[in-house]
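You will see chain A twice below: alongside chain B first, and alongside chain C after that.
Moving on, here comes the complex of A and B:
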C-alpha cells in the first residue's frame, strides 16, 4: 500500500500530498502567520513584563522608559496581523477543473510558505526582544546609563521580525491563481 | 547547558528574581563600610545606618544601644525580606528557599540542646536562636535526654527528619556528641541540597553545585582544623566530610590523617583554587563567589547568593559594632569583608 513503488509511478504518499487542495495550504499559511506571531509577541511580553514589575519596586523610575521593550514585542504581533490581511486578499476562487492545475498549486504553496516565514520569524523575534527587554529592565534598575545601550541591542533584535515580513510579502506577491478559462 | 531556560524561567521566577536583584542594590558598599569604621560610638553607627536601608529598623531604638540590638534588628530585616520572597514563590523556588534555612535550623537545634545541657533557661535560649531557623515545637527540644528521644519527640515532624538516619544513637548527649551530631546533620543537609539542585537542572544545577561544593570543602577544612588534638578518630572525621566538592575523595583521605595545621596547609596547596585563600580561612572567598553568581540571569543561584551576602553583611556590622563598643577601633579592619 503505502510503501509499494511501481516503476515509473510516483509513490502514493507524494500523490496524496499533491491531491491536497491548495485552499487548505493557503488557509493554514494565513493561520500560522497570525497565530504564531501572536504567540511570539505574547511570550516576549510576559518575559519582559514580569521582570519589569519586580525591578520597578525598588527603582520606580524605570517603568515608563522600559515600556519600550513591551512596545517592540507588540510590534511583532502587528506585523503578523498585517501580513495575514495581505495574504487573505491574495486568496481567490478558481473553477473546480483548475483546482489541481500547477498554477493553482503554486499559488497555494506560495501563500503557505509566506505564512510560515512570517509566523516563525516573528516567534523568535518576539522571544528575543522579550529576553533582552527583561535584562534591560534589571540593568536599568541598577545603573541607568545602561538603558540606551541595551536598547540598541533590542532594536537589532526587532529587525529580525521585519526581515521575515519583507520576505513573506515578496513571496506572496507572486501568488497568482490561474485565470478563468474564457 | 544554559540558554533555553531564559524562555520559561520568567513564568514563575521572573518577578522574584527582579526583586532579589533590587535587594542586592541595597547591600552596604565600601563607602558605607568606611564611614562605619570611622564611627566613635554606637550612636554614630546608628546614625549612619539610618541613611541606608536599615534605617526604618533602627529608628525606634532608645538611645543606649547594645551591639546585640543592632544585630537583632538587621537580622530582622533579612528575615522580613526572606519571608516576603517565600510567600511570593511557587514550587520549586519555594522549596529552594526553604532549603537555605535548614542550616540555621540545625544550628538552632544544637544551640538549644547545648544550652539545656549547661542548665540554661529555655526562654533565654529561644531568644538567641536565629529567626530564620525557627520551627514550631522548638521549645520541646529542651526536654530530650538523648538523641533517640530528640528525634522521636521533636525532629520527626520537621524537615530535618531525613538527616537523622545517620546519627541516631542512644548515647546521652554531651558536648562531643553534640558537635558530631551537628556536623553529621550538616553533611546530610548539604548532600540533600546538592541532589535537589541537580534535579532542578540547567543553570541552577551548575551554579549551585559550585557554591555548595565550596561550602562543603570549607566545612571539611574547618572540621579538620577544629578536631586536631581532640579525641575524634580518623574514621569518625572522615565520616563527617560530605560526598561531593573539589576535595572529594582524595583530598578527604589526606585531610583525615592530618595532625596539625601545617599538614592541612600542605594538603590544600595541591588544590589551586584554595591555595590563595587558605591564609584567611574565613568567609572572604565565598563572598567573591557569591557576588560572581549574580552575573547570570534566570537561575536560582541569585537567591542563595543574596542570603549569604546579607548574612556576611550582618556579621560585618556585628564586628564593627563590637570593635566600636570595646574601643578597639584599630582591629576593625581585621575582619570586615568588603562586598562591593
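Moving on, here comes the complex of A and C:
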C-alpha cells in the first residue's frame, strides 16, 4: 500500500503539508516548548502563591517551608528552557534544493512534535503542582505535620514534567537533516 | 506530477503527532487525577492526619497513567525510521490513531481516578473501593496500550 497509485486520490492534507517548510514547523515547535512551559509554571505559581500568602496571614510560620511548592513549579519552566535550547541546536541549514526532501521534512516534524510534547506536558504539570501546592499550604497552616505528606503528592505531580522532557529529548534525536552534498 | 504524488513524505508528521497525543493527553489525565485527589487528601488530612498515607493510593495510580503514555510515545517515536523500514502514510495514520487511543483513554482514566479519589478519600472505609475503581480505570488504559502495540 504505497499510496502513490490513484490520480488525485492521495491525501489532500499531505499535499498541503508538503509545501510548508520544515523550518516553520521547527520554529513553532521551539516556541511552543518554551512558551507553553513558562505559561504552566506561571499558572502554577499564581495558584500556589495566592493561597500561600493568604494562609500566611494567620499562620506566618508556613511561608518559608512552602516556598518549595513554588520551586517545584519553577522547575517546569526550566525544563522548557533546557529543551528549547536543545531543540534549537538541532536546527541545521540545508541547501535550498534539499529543503523539501523527505528527510528534512521529517526532521522538521520531529522538532515540532518534540516541542509540543514538552510544552503541553509542562503546562499540565505546572497546573497540577500549583493546585497541590496551594492545598499543601492551606493544610500546613492547620496542622504542620501534614506538610511532608502532601509534599509527597506534589513530587508525584512534578514527575509529569519529567516525562515530557524525556520523550521530547528522545524524539529530538530523530531530527536528522540530510547531509550537505560535498 | 500529481499522478505520482504520494503523501509518504508527510507520513512522519502524523506519526510524531500520534506520539505527542499519547504523552500529552495521558499527562493531562495524570495531572487531573493527581491534583483532584491531592486536594481531597489534604482537606481530609486536616481532620484525620493518620489516614493521609493510606490515601495516597489514587495519586500513585494517576501517576502510572503518565508512565503508560510515556511508554507508547517512545514506542511510536522509535518506530518512525524511514531508513530502516519504509514509512508509508498508512503507518503514519496507524501511529496517530494508536497515540490518540492511548492518550484519550489515559485522559478519561485520569479524570475518573481524580473524581473518585477526591470523593473516596474523605471516607476512610472507602479506600479499597477507590482501589478497585482506580484499577478498572488503569485497565481501560492498558487495553488501549496493548492495542497500540499491535499496530
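Keep in mind that, in the parts below, the second predicted complex is superposed on the first by the 170 of 182 C-alpha atoms of A that agree within 3 Å, B and C clash if a C-alpha of one lies under 4 Å from a C-alpha of the other, contacts with A are read in each partner's own complex, and residues count from 1 in each chain.
Here, contacts are C-beta pairs under 8 Å (C-beta built on N, C-alpha and C of every residue); 3 or more make two chains touch, one makes a residue touch a chain.
Small disclaimer: the values here were computed from a predicted structure and weren't measured.
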After the superposition on A, what does A:125 contact: first (chain B), second (chain C), both or neither? second
* Touched partner set for A:43, first chain B, second chain C, both or neither -> first
| Where does A:15 make contact in the superposed view: on chain B (first), on chain C (second), on both, or on neither? | second
* **First (chain B), second (chain C), both or neither touched by A:142** => both
Winner on chain A touched-residue count between chain B and chain C: chain C
> Of the partners chain B and chain C, which touch A:55 in the superposed model: first, second, both, neither?
Replying inline: first
Where chain B and chain C land on the same part of chain A: residues 127, 131, 135, 138, 142
Residue set of chain A touching chain B in the complex reads 43, 46-47, 50-55, 57-59, 127, 131, 134-135, 137-138, 141-142
Per the touch rule above, chain A residues touching chain C in the complex are 1-4, 7-8, 10-11, 13-15, 17-18, 100, 102-103, 105-106, 109-110, 112-114, 116-117, 120-121, 124-125, 127-128, 131-132, 135-136, 138-139, 142-143, 145-146, 149-150, 152-154, 156-157, 159-160, 163-164, 166-167, 170-171, 174
Chain C residues touching chain A in their complex are 2-13, 16-17, 19-20, 23-24, 27-28, 30-32, 34-35, 37-39, 41-43, 45-46, 49, 52-53, 56, 59-60, 62-63, 66-67, 69-70, 73-74, 77-78, 80-82, 88-90
The residues of chain B that touch chain A in their complex are 6-7, 10-11, 14-19, 21-23, 25-26, 297
